[in-house]
Every structure is written in C-alpha cells, then in structure tokens.
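Each of the next two complexes has chain A plus one other chain: chain B in the first, chain C in the second.
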Partner chain A sequence: MEAASASVTTADHEHHGPPPANRSSRVEAQTLGMLLFIISEIMVFGAFFTAYFFIRVVKGDHWFPFHGDVLPVAVAGVNTAILLSSSLTMHWAQTSIKHDNRFGLKAGILSTFLLGLTFLFVQVNEYVHVGFSPRDHAQGTIFYGLTGLHGAHVFIGLTLLAMVTVRSFRGHYSSKEHRGVEVPGIYWHFVDAMWIIVYSSVYVL
Partner chain B sequence: MTPRRRGSDPLGPDGWVTRVLKPLRSEPDAFRFLIYVVVVAAVVVGLVLVVRAVV
Partner chain C sequence: MAAKLRAPGFYRAGTFTLGGVVFSLALTYLVRMSYGHGRFHHFIAPNAILTVSLIAAPLAFLVGLGAFDYWFYWAAGKPTRPEDHSSHGAHSWRDYFRVNTDHKVIGIQYTVTSFFFLLVGGLMAMLMRAELAQPGSQFVDSNTFNGLFSVHASLLIFLFIIPVFAGLANFVLPLMIGAPDMAFPRLNALSYWLLPIAGLMMIASFFAPGGSFASGWTAYAPLSDTAPIGQVFFTLAVQFAGASSIATALNFLVTIITMRAPGMSFFRMPLLVWANFATSLLVVIATPFIASSQFFILLDRGLGFNFFNAGRGGDVLMYQHVFWFYSHPAVYIMMLPGFGIVSEIIAVKSRKPIFGYRMMAFSLVAIVVLGFTVWAHHMFVSGMQAWIRIPMMITTAIIAVPTGIKIFSWLATLWKGVLHLDTPMLFALGFLTMFTLGGISGVMLAMVPLDIHVSDTYFIVAHIHYVLFGGSLFTIFAGVYYWFPKMTGRMFDERLGRMHFWLTFIFFNLTFAPMHIIGLQGMPRRVADYSSQYAGWNLVISLSSFVLGASILIFVYNIVSSWRGGPRAPANPWRGMTLEWQVSSPPPIFNFDAVPTVVGGPYEYGVPGAVHGIFKGGAEVKPAPAGTVARPARE
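Right, the complex of A and B next:
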C-alpha cells in the first residue's frame, strides 16, 4: 500500500507542465493539420476554376488561341512530365525511409526538390515568353490566376521539401519516425494532382 | 453517445479486402490517388478530343 502510494507520488513529481491536450481525433495532429489545409486549398482552387468555367461554359467565350496569343502546350507538357516524375521520386523517398534505406531517402528527396525547382523555373520562363499579360483579356487573367496559384503551391511545397532535404542529410527520420517525410509527401502529391487538372483544362482542352 | 468503432474488419462479407483509399492521410494512398487522377484526366481529355474531331 505504501509502495503504491509512493510510486504515485513519484509519478506526480515527474510530470511537469500542463496536462496533455485532449485528442478527439484518431488522426495524428500533423496529418490532421495537412488534411484540413488541403481541403481548404481545394476550395481555393475551386473558386479559380469557377471563373474558368464561367468564361468557357457559361459565357461560351473562345479560349486560347485567342487574339493571336497561343499557350505553349508542348513545353507545359514536358513540365507536367517533370512534375509527375517528382511525385515518383517523392514516393521512392518515402518507401525508402520506411525500410531504413537512408540513401534512397536522400536521393529521392533531393531529386524531388530539384525536379520541383525545374518545374517552377520553366513556369517562370513561360510567363516571360508567353507574350500577354493578366490584364490583356479575361482569358489571360484566368491563365495567370490558375497557373500562378498552382506555382505558389509549388513554391510552398519546395520550402517544405528543402526542410525535409536538410533534415534527411542530417540523419533525421527512421523507419519508425518518418511523419516529417510523409506529410510533405501528401502535400506534394496534392499539388501534382491539381496540376494535372490545371494542365488538362487550361492547356489541352 | 454511440461508441466509436476502433478497428474495422478490412475483409468484406464476400471475403475480398475492402480497403478505402485515404489520400489525405497517407503518402502511398496520395500517390495512388495521383495515378488515378492522371488516368481519369487522360480518359476525359481523350474523349473530348475524339468528340471534337467527330462533331
């Protein structure tokens, strides 16, 4: 009896700070945060796509080529392949760390970062050479709005990937603790999936 | 209050594994979802281009 009360007293003395926060969800806090963030981002993209569909479906206006302005479909197609490859390397990195393969993690995450950076560079280069500005016509506004919104998401993803890359090279993450790779990976795949929809609707259709 | 179901049986009544894709919860599911998006987008684009060529 005395031993039991002594152990309780010791446990009470070992705990510092406020009591642990109540968890009402079965999903881990980090994953839940990313889940809610991505849901809100889908709504933001939805607002931009509403403007796109209003122009093309409701008003029935012409899409590109428009007033002599042409979209570089082939260049954007190559850029799409680059972005899809980056998802493949991201998946490789995640699978590698699950099996404690540190080389696979580092090579995969670095490749993902570099491919994402290449995508963004080509996108900026496309803006420089496309030949029209957002204020020239509504089509231009929507083109820059949708692709620019996506580009901003790629930039956020690259910031996350840069942190994961640095941490990977510093020896962080293991097969037991790799949430730091998984959560940015979910975000990166979301950004890629969103690009597929943007590319299909804006450039191809 | 109804108690929350913790671990549901992944096997359906016919014995097949009925696993729901959760792309916002795990990276492999998100990757699989991306592949589905690519396939669906390719089918939609292909259909629209064929219809445009025919009409």
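Right, the complex of A and C next:
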C-alpha cells in the first residue's frame, strides 16, 4: 500500500502539466457534452409543452383562431422552410471542412447564419403584427412562451454561428481540426428539429 | 488600483456588479419610456429594476471575477492558446477565493460553501423551534416565520444537500476513476461560482420590501404569482442553483464516460461513481423542469403572462405537475450520492467485498427510471384528476423495491464482517437505521388514504427530516469524515467525531420522532402558532433541537482544529482499495504521475490475490492483510 503511494510523490509537477487522460470512449468529450446539454434543452421545451398540453388538452380550451385572433400559418410555413434550409447549408459547411474545402465551409456557414437571422427577423415581425399579446389570454401566453423560447434558442445558436463564421474566415479549421464547426452544428440542427415540433403543434394542429 | 480593476478578481467583480445594476436601471427606464408611460415617476419602477438587477448583477459579477475570461478570448476569434495551468491548484488560502480550475480546489470550495449554508439554514431552524417552543407568538411574527421555513428549506435543499454531494464527488470522483481532472475544468469553476450567488440571493430576500419569500420551498402558484417582491429572489436563485447543478452533472457524465483509466470498465467502477452517474442523469433530465416552472412565474410576474392566471385561462395545477416532475426526482438527487458514499464506507470498514455489486448498480438505475413515474404522489389532495392517484400509489410503492435491495445488500455486506466502528462507519450505520425508518414512513405516505389524513401535518415534516437529515446528512457527515484525511492531509479527532455522532443520533431522534405523533394527531406544518394540546411535545422537540443544533459546533470545531493542526494523515489511513487512496494525502497537484491500469473490482477486501489497479513501476493495489493498521504520523 505504501509502495503504491510512494510512487506518486508530492513534488512540484506544475510545469509539465497532468499526464494525458485515458480516452475510455470513442465519443469526444465536447460532442458528448453538447448532446447531454441538448437533452436538458429538450426537457425545458418539454415543460413548456406541458403548459401547452394543460391549456389545450387537459382543460380543453379553444385554440387559434378564436376571438378573432389568427396565427399567420402560411408566413410561418415559409419561415419554417427558411430555417430548415439553414440545416442543409450547415450540413454543407460540415462536410466541406471534413474534405478541406475552405470555400464550402465559408459559404455554408455564412448562408446558415444569414438564413437564421432571416428566420429571427420574420419571427419578430410576426410578433409585431400578430395582433394579440401574452397578457390577453392563456393561449397568447402559450404562443409567445413556446415561440419565444424557441426564438431565444435561435439567438443562442446564431451567437455560436457568428463565432464559427469569424473563425472560418480566419482559416482556423481544417479536416483535422473541425470540432469547432461540428459541435455548434449539432446545436443548430437541434434548434431546427425543435422548430418543426413547435410549428406543427402551435400553428398547424 | 487601476490595474486591480482590470485584472480578474473581486475588485473587478465589484465594479462590474455595480455596472450590472446601472445597466438594469437604464434598461428598465428605456423600455418603460419606449412603451409610453406618461409621467416621469412611471419610468422608475423599483420592482422592475430589482428583478432585472437580480439577473444582470450576478452575471456581471461572474464576468468581473473572471469566470468567462477564457471563453470571451475564444469567442473573439483569437487563436487558441495552450493550457498553461495557471489557474490550477491552490498555494495559499487566497486561491480558494478565485476562479480555480482544479477539481480538488473546487471540491473543497463546494463543500465549505455548502456547509456555510447548512449553518445559516440550521440557525433559521433554531429560530423556528424557539418560536414553536410554546403556543402563541413569542419571537417572530407569522410572516417572518413563513419566510424562515421557506428560506430554511430552500437553502438546505438547493445550497446544501445537492451541492455538497457535488463537492465531495468533485474531489473524489476524478481520483477514483484515474483521471487527472474533470472533463471541463472551466465549466466546473463556473458551476461552483454560481452557488454562492444563489445562496446569498436567498438570504438577501429577508431585506426585500414585504419580507422574504414566504410560499415554502415549493412556491406554489398562484401565491408565488402575487406574493411581494421577495418571491423573485427565490425564482432567480433557483435558476442560478439549477444552472450550477446541470453544468456539474453534465461534467460528471462526460468525465465518467470519457476519462476512465484503462481497464476500468463500468462494472469495475466504485459505487460512488455509479451513484454520481445515476444522479447526474437525473439532474440533466429533471432540473430543466424546475427552471421552467420558475420561468413561468418570472414571466407571469414580470411581463404579465397568464400561465397561472385562472381569470384568463391559465392553469394553476400545471405548476404543481411541472414542479414535482423535477422535485420528486430531486429527492433521489439528494439521496443517490449518499448511497454511493455509504457503499464505499461499509465495504472498507467491514473488510468485505460489497454484497451484490451489480444489483447495487442496477438498483441505482432502476431508481432513476422509476423516479420519473411517481411525481403526482405529492398531489393527492391538490384536486387533480382522481384516476392518477392509484397508478402513482403503485409506482411509489414499487420504488421501495430497488431501495430495499440496497439496504439488504449493505446488511449482507456487514454480515460477519470485521467491523471498524469509527466515526465514518458510525454515521454510515446511523444512516442505515434512520433512512430505513424514513423509507418506511415514505411507503406509508404512498398510500392514498393515509396521505390524505396526514397531508400538510408534522408527519410530513418528520418523514422529510428522517430521509434528508437521518438519510442524506448522515451520509454527508460520513463522507466528510471518511475523505477528510485525503482532502486536507490531516486526521480528524476521533473522540470528538464519536461524540458528534452520538449527540446527533440521539437528539435527531428526540427532535423528529415525536413529530410523527403530533402529525398523526393533526398538528399542521408551516404555521407559526398551534393549539395548546400539542404544547408538551413541542417543548420536547424544541429543547432537543437546540442540543442537535449545538452538536454541529463540535463538528465545526473538530474540522477546523484538525485542519489547522491535526496529525498528518498517511496516504491510506483506512486501507481502502479505490484509487484515490493510492496517491498521497492531499493528492499531488495533477493527481497521478501516470494513469494507473485497472485490472479488477474495487471492493475485493479479504480476497486473496485480488488486485484493483497497477501503477507505473508495477506497484499493485491489493487488499491489505488483516491486522495491519496504517498509523497517522505525529508531527
């Protein structure tokens, strides 16, 4: 027992740093961390959908259109298409850098960022023109709650994408070092997938 | 001075906090102006400024302290710089007051901070018992009393039990799995610094106009929607504490999955690692629900949303469903790491392999899964749909099965073992008995008829304290005593430790056991006054609780004096096989010279030829032969 501890002394190791940690999984730590964070994010949406479920199903209240308040389903549909296409351009950027295609990375990440920005702009515009506020009724509360929560996630995603865009144009990524594109990409795909659920439950159903 | 204000640290943090308050003032002023409030005094709304400040000022504090420095540098698109480990390790006590990325420093920061909040929360309990010693009103008015029990519960749940387990595991877990640090050291530092913010915010609520939040730690809507501004302190403090636990849980999961030593398969992990794996899963999945429930309250209060405004179609009962969907799993978040600690101690102190290692691991996972199916047993009298009651009653009774598997496995581990009845083991055995009692009253409470009878009585208070004090806190004491030599390099005073145990054990029972009786008789909880028929028992409870409160002073004295001048601890005073005992006490700054290789299970005490790990140079971790004692070296 003492022999084992004697082999590890308290001498000052500060200048050479720790021994490299053993890699006990094929998954990279950053990717796994992002996936677990997304599980948490899904549960946040889950709680907001619980609120939706209680108003619309458990209490069985009317849903839009009612009291003359209508949701712009078609405009939001176009907006959905915009957000979904941004997932495609994100994928383009991700595959490009894996093959050392710098142009594909730059074009892909920039168009993803612009498409996301357009989506957010249309969403804000919709708030301005939709004609009711969260104060008016529980339906309005749920509408603004779910779309607003998603909008906040788009904003976080765009912040990440802005950093990735700057780095892409500075040439920081290559086929060997592209985790910085990969991990925000996972988040962006999650934001897109979540929008499909929000759109179909709030606008379509 | 100017240099001090530019460098990360408390000077800059203070300046930035002020900046955060100014920012909140300007923001609310501008927003209210742009919405066209007619007169000047409408532009300055104290409640709005306070609410925004409570979000902005803590974030500005963290930025000023330097928790985000590296990330800002990275986000600005500058080239990544190699890690120079300048924020790693502690050389003086000052290093515990800055953003530090060493898991051992963070573990101690976590543990000491949460014990500070234990003392504050305990003092509030003393005040409440002083008020309750006699019928009538003596010390505090009923609004203050409501504030006291609310802050007491919130502090001890969110700022003591949940983070202290994260603190102990932060120190021990990377060592146990042979990792040099956690997977994300900077995130680890951030999750620590969110904690004091949350705790101080809860305590500061007493200075809010209208008094502290007084709606209990459950903060049910619509009361919390309409309560005075003190409620917002709870709403936001829970956000900070919740963000902290999610970040830590994520860190633990990634560390356990990706950084285990070679050869350490999942079924060679110590049970503490298993327990924290299970707990972290619970935290990652459940905590977002309480965050959301408090977002709902915040939106209702701040922006006039109608989540809980029944007049405009909101649903009040929804709050309870969302809240308990977190807060029932939260009681397992507060218990599973304790199960892990007790598994370590009982195996080492009875010098036997743990009984049913795999079933111990599987029952943890079973509790995680079942924990999500029982939340509505807190709502039997809430007026929810009656058909939910019976399924919830059945699942709640079923969850006693995996817990029972663990209790019987510990008993079987003790069976014919060579028991070392020192302080950590005494607390582990105290946990076994007290938690079993709390578990039995839990099964009683699962039964709908009894639950309806004792809802909101002292029976509930007795049950919760048997599982959280007799259960969780006993495992925390056991864990702190057990790893104290490893964390500080000093031995604690065994005599004082035993005195602390016996005082705690006896007066814990004298305090909380009578609450079962007065609860069954119908004394309501959360009320500052009571009918004179309960006066006798309440005096007994109050007097015992003062001794119970005083007994913690022995613990504090023992820890402080041993830390300053206790005898030096050997590397492995308990002759444990897990990897953290194979390095020096306290461990070297980067834990291991080279990562050891794991070749066998961690609990093979008394098994001839069993080896847990092999260090560089061929030193093997074998069970020590019976009769050998590692003696602490006197200074």
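One rule holds for everything that comes next: the second predicted complex is superposed on the first by the 181 of 205 C-alpha atoms of A that agree within 3 Å, B and C clash if a C-alpha of one lies under 4 Å from a C-alpha of the other, contacts with A are read in each partner's own complex, and residues count from 1 in each chain.
Please note the rule applied: contacts are C-beta pairs under 8 Å (C-beta built on N, C-alpha and C of every residue); 3 or more make two chains touch, one makes a residue touch a chain.
Being a predicted model, the structure only gives us computed values, none of them experimental.
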item	value
First, second, both or neither for A:Val27, with chain B first and chain C second	both
Greater chain A contact set [chain C / chain B]	C
Chain B versus chain C as contact partner of A:Lys176, first or second or both or neither	neither
Touched partner set for A:His129, first chain B, second chain C, both or neither	neither
First, second, both or neither for A:Met163, with chain B first and chain C second	second
Touching partner for A:His99 - first (chain B), second (chain C), both, neither	neither
Touching partner for A:Ile39 - first (chain B), second (chain C), both, neither	both
Touched partner set for A:Ser200, first chain B, second chain C, both or neither	first
Partner chain in contact with A:His189 - chain B first, chain C second, else both or neither	first
Doubly contacted chain A residues - partners chain C and chain B	27, 39
In the complex with chain A, residue positions of chain C that touch it	74-75, 77, 79, 83, 85, 88-89, 178-181, 183-184, 246, 250-251, 253-254, 257-262, 264, 284-289, 291-293, 296, 299, 303-307, 309, 312-315, 317-318, 321-322, 325, 570-572, 575, 582-584, 588-595, 615-617, 619-622, 624, 630
Complex contact set, residues of chain A against chain B	26-27, 31, 34-35, 38-39, 84, 87, 90-91, 94-95, 181-182, 185-186, 189-190, 192-193, 196-197, 200, 204-205
Sites on chain B touched by chain A in the complex	4, 6, 23-28, 30-31, 33-34, 37-38, 41, 44-45, 48
Residues of chain A touching chain C in the complex	1-14, 17-25, 27-29, 32-33, 36-37, 39-41, 43-44, 46-48, 50-51, 54-55, 58-59, 61, 134-141, 144-145, 163, 166-167, 170, 172
